[in-house]
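Chains here go by letter, A, B and C, matching the order in which they are written, and residues are numbered from 1 within each.
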Amino acid sequence: MRILLEKFTKKFGNLTVIDEMDLEVRDGEMLALLGGSGCGKSTTLFAICGIHKVNSGRIMFGDRDVTNITSQERNVGVVFQSFALYPHMTVEDNIGFPLKIRKESKAEIRRKVDEIAEMMHIEPFLKRRPGELSGGQQQRVALARALIRRPDVLLLDEPLANLDATLRLEMRSEIRRIQQETGITAILVTHDQVEAMSMCDRIAIMDAGKIVQICPPREMYTNPVSDYVAGFLGSPPIAFLSGQIQDGNFVEPSTGTKMPVTAAIATSHAGREVRVGIRPEYFQPDGATKIKGVVSFIEAQGRETLYDVTLPDGNILRSIQGAHSPVNIGDEVEWGVNTEHMLVFDQDGRRI
Amino acid sequence: MGNSRHLGLFLLIPAGIFVFLFFLMPVVLTGIFAFTNMSTATGIKGGAYMITESSMLSMTGEYGEDVLAERLLQKVYTIDEAGLAAALESGGDAAAIKELKTRFLGEVFDNRRDVERAIKALNARPSSTRAIKLISANFERSVVNVRFETEEELLFAISDFGISLTEIQIEAVQKVAYTGWYFTTQNFKTMISLPDTKKTMINTLFYVFTTLILFNVGFALVLSISTHYMGTGTAGFFRSIWLLPRITPPVLYVLMWKWLAWDSGFLAVILEPLGFAPRNWLLDTPANAWTFIILINGIVGASMGMLIFSSAIKAIPDSLFHASEVDGASRMQQIWHIILPQLRWPILFITSYQTLSLLTSFEYILLATNGGPGGATEVWALATYLKALSNYGGALQYGYGAALSLVLVVIGITLSLIYLKVFNFANMTSKPKIE
Amino acid sequence: MGGNFRKWPMVLFLSVLTAPLILMYIYLFVDTVTNTPPGTMIPNEFTLEHWRFLTEIIPGRPSIWLATWNTFVFASVTTLVVLVVSSAAGYSLSRLQLPARSFFLGGIMVLHAFPTVTLLIAIFLILQMLGLYNTLSVLFW
């Protein structure tokens, strides 16, 4: 079911947390709400499920206006960051709770619980209480409880934040599998860009209560609208350099290196200060436009190795290389930037 | 470790002394008093000797000396120097007294009519009946209701009275005339035999459980749950209001209820136009008295539960409420499925703690109905207080009161031990983490 | 708190329950500053006469300020003693690993079961024996 937010505004007292947000989540899509801490992700989620009342604007589920409808009537499944399982009920009762509330028959509840437990691989734990489960098991119980009454919408608030690295990896694909199997429209709140990119059809990136960009992960990576978005996506993160556009080139001030830019930029921003973003995979020993610096940091990440190269003015360029280069910290290197993939931003951070 | 243990024990000493002084010693003393017949009549130090109606009853009952008993209770009229002097003193006719002395000194009459006949027969007989009575009153002699500090004084007075006693009789007189306290199990026998005891016990059970269920737990839950569904300010306002009765001095608090209930009070004024004759609603029928007693105690008692339950509800994570709402729970379903299960232990705790409080509390009942009307609202603790410390039917029965309160102590301790078992206290008081 | 539910039904519900109590307290206060003729509930005059014990000594009654002083002395001393004794005990029970700790804590529950009337009887009789009944020092006993 399609979810639509129109000019949605949320205030806490005098503090406007979300200001006139527009957002569309397409039917059957999984959308990531990505952003830094305190930017209003949970607030948005809580407004969609009806826990928070909106101050102004509209929320539509399909053709139904749910703005003034209580959460009880919205038919949304929510997985809370802390899972919020009922500690005094068994796993079975936890999962069956939404059905019990609707006074479905015991046999019916049993049947549905068994069915969803099988899908989640949690049959062995049905008689236990949440306190007797591991984080990953609790997480699956929470997901089962959210899904059992076939909600129109599934909302996940940082569901993986409490899990360890391996479990997180496992649950990522698990959640995605279930979402695709059920075809449910889902919103995943997260501040982890890897999670957002690997699990979702589209990403909406938020900054201070506003949606900055919304598009598929790959496109957002290659084509960010601002330096904020470019900086948020990618691990290791993108490196920024400041300088001027002169004669069709970006001139790096400390080394005087000239990096060619497109004709459009060259004319529109001639003589102006800009910032360029260079992703680590586009700064390589065999790159075209050479720039000199000193290796200041080396991190072996297993298959790949990350190098920080410090320029004379202290700015850092990052390079990630599949093959191990025979360099040590303190060595001077001259590696090249692949300027075709260089991202150029104006003084306000807007992409040009 | 060893050092801090010593320090800990040392710090416990003052508390130990207080517990000893204010809990253990009273209980031990009560245990002792319970097996005595102490009362205002016996005094609490030692005893004296006294011939009384009641001691003579036991004389007849226990020793079969009915003749002696009757004899000791008799009043006789002896014409003696002391009597004559007193008669003169009180303004009797001097000539008549003088003649009485010469003709009848040393004579003993069995009753007052005989004395007066003798006076009338005198030459210098007084003119009026009143004057005759004035003289005759001074010769009355009796050992009844006279307090003798020692046994010897009593025996001397008896022989002086003109009764000679056999060895056996002396022993009997000593026993029955002793007014001091002695050890006995009579209190408990009395308690079992009196029909009042059963009634008081039933009253107590009714009072404790009705108040507990309706107010200390029930109404406390209503207050804490309904304030949970309000803004913090509103909730705080209502909680403070319901806390007021607990901090209001009991005398004032009960007075407030009396104003409401008495025959020119609020209720009477309001109900009069509706055809109810003005009356003291607090005391007119046992049912009304109980209604007020339970309201008065319950409203004070509910505040503790309210505070405990409110903080327990506050401890429930918000996310559980959010989750249940998203899951579709209505307010009643949320209360039933989320709040109440989480309040299981607080409810159990309040139930046990307040049973004990109610069992031992009596001050509000004392102030409101004093057990009335006609003992209808007399509960065990109140009965204890009235018997032992309040001028109830004349004498304070310390011994009987102590026996009553001993029963309360035994019930209380038994209940609290059961509760501790239920709570599995050892588990609850897990070992401290910081040294 | 209150989540998704309307607050006013609860506020209304509790207001109805609370109103009588509030009224009783208001009436208690109003009654101290007014005179009300018998048979009606509406006071007819404002007066401070019921408060005059604060400024005058009413014949046949002890001065209010002496009573206040007694109350104050009594309350402060008991508070101080209780504070010192219970914090010492509380500290050692909560922080130190004492043997039979749970025994002490369980004892609190058991102590609660002792009727005050027991204490009253015992203390009353002891005071009678000592002849201390009705003197101030007794309060600190």
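As a convention for this text, a contact is a pair of C-beta atoms (placed from the backbone, for glycine too) under 8 Å apart; a residue touches a chain by one contact, two chains touch by 3 or more.
Because the structure is predicted, anything quoted here is derived from the model rather than measured.
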Arrangement of touching chains [line / ring / star / complete / other]: complete
Contact-richer chain pair [B-C vs A-B]: B-C
Centre-of-Cα separation between chain C and chain A, whole angstrom: 60
Rounded Å distance between chain B and chain C, as computed from the means of their C-alpha atoms: 22
Distance between chain centroids, defined by C-alpha means - chain A, chain B (Å): 75
Set of chain A residues in contact with two or more other chains: 50-51, 70-72
Shared-contact residues (touching 2 or more other chains) in chain C: 3-4
Sites on chain B at which at least two other chains make contact: 322, 325
Footprint of chain B on chain C - complex, ascending: 1-5, 7, 10-11, 13-14, 17-18, 21-22, 24-25, 27-28, 31, 38-41, 84-86, 88-89, 91-99, 101-102, 104-107, 109-126, 128-129
Contact set on chain B toward chain A in their complex: 317, 319-320, 322-330, 333, 337-338, 341-342, 344
In the complex, chain A residues that touch chain B: 46, 49-51, 70-72, 74, 76-78, 80-82, 84-86, 88-89, 97-98, 100-102, 145, 149
For the chain A and chain C complex, residues of the former touching the latter: 50-51, 70-72
In the complex, chain C residues that touch chain A: 3-4
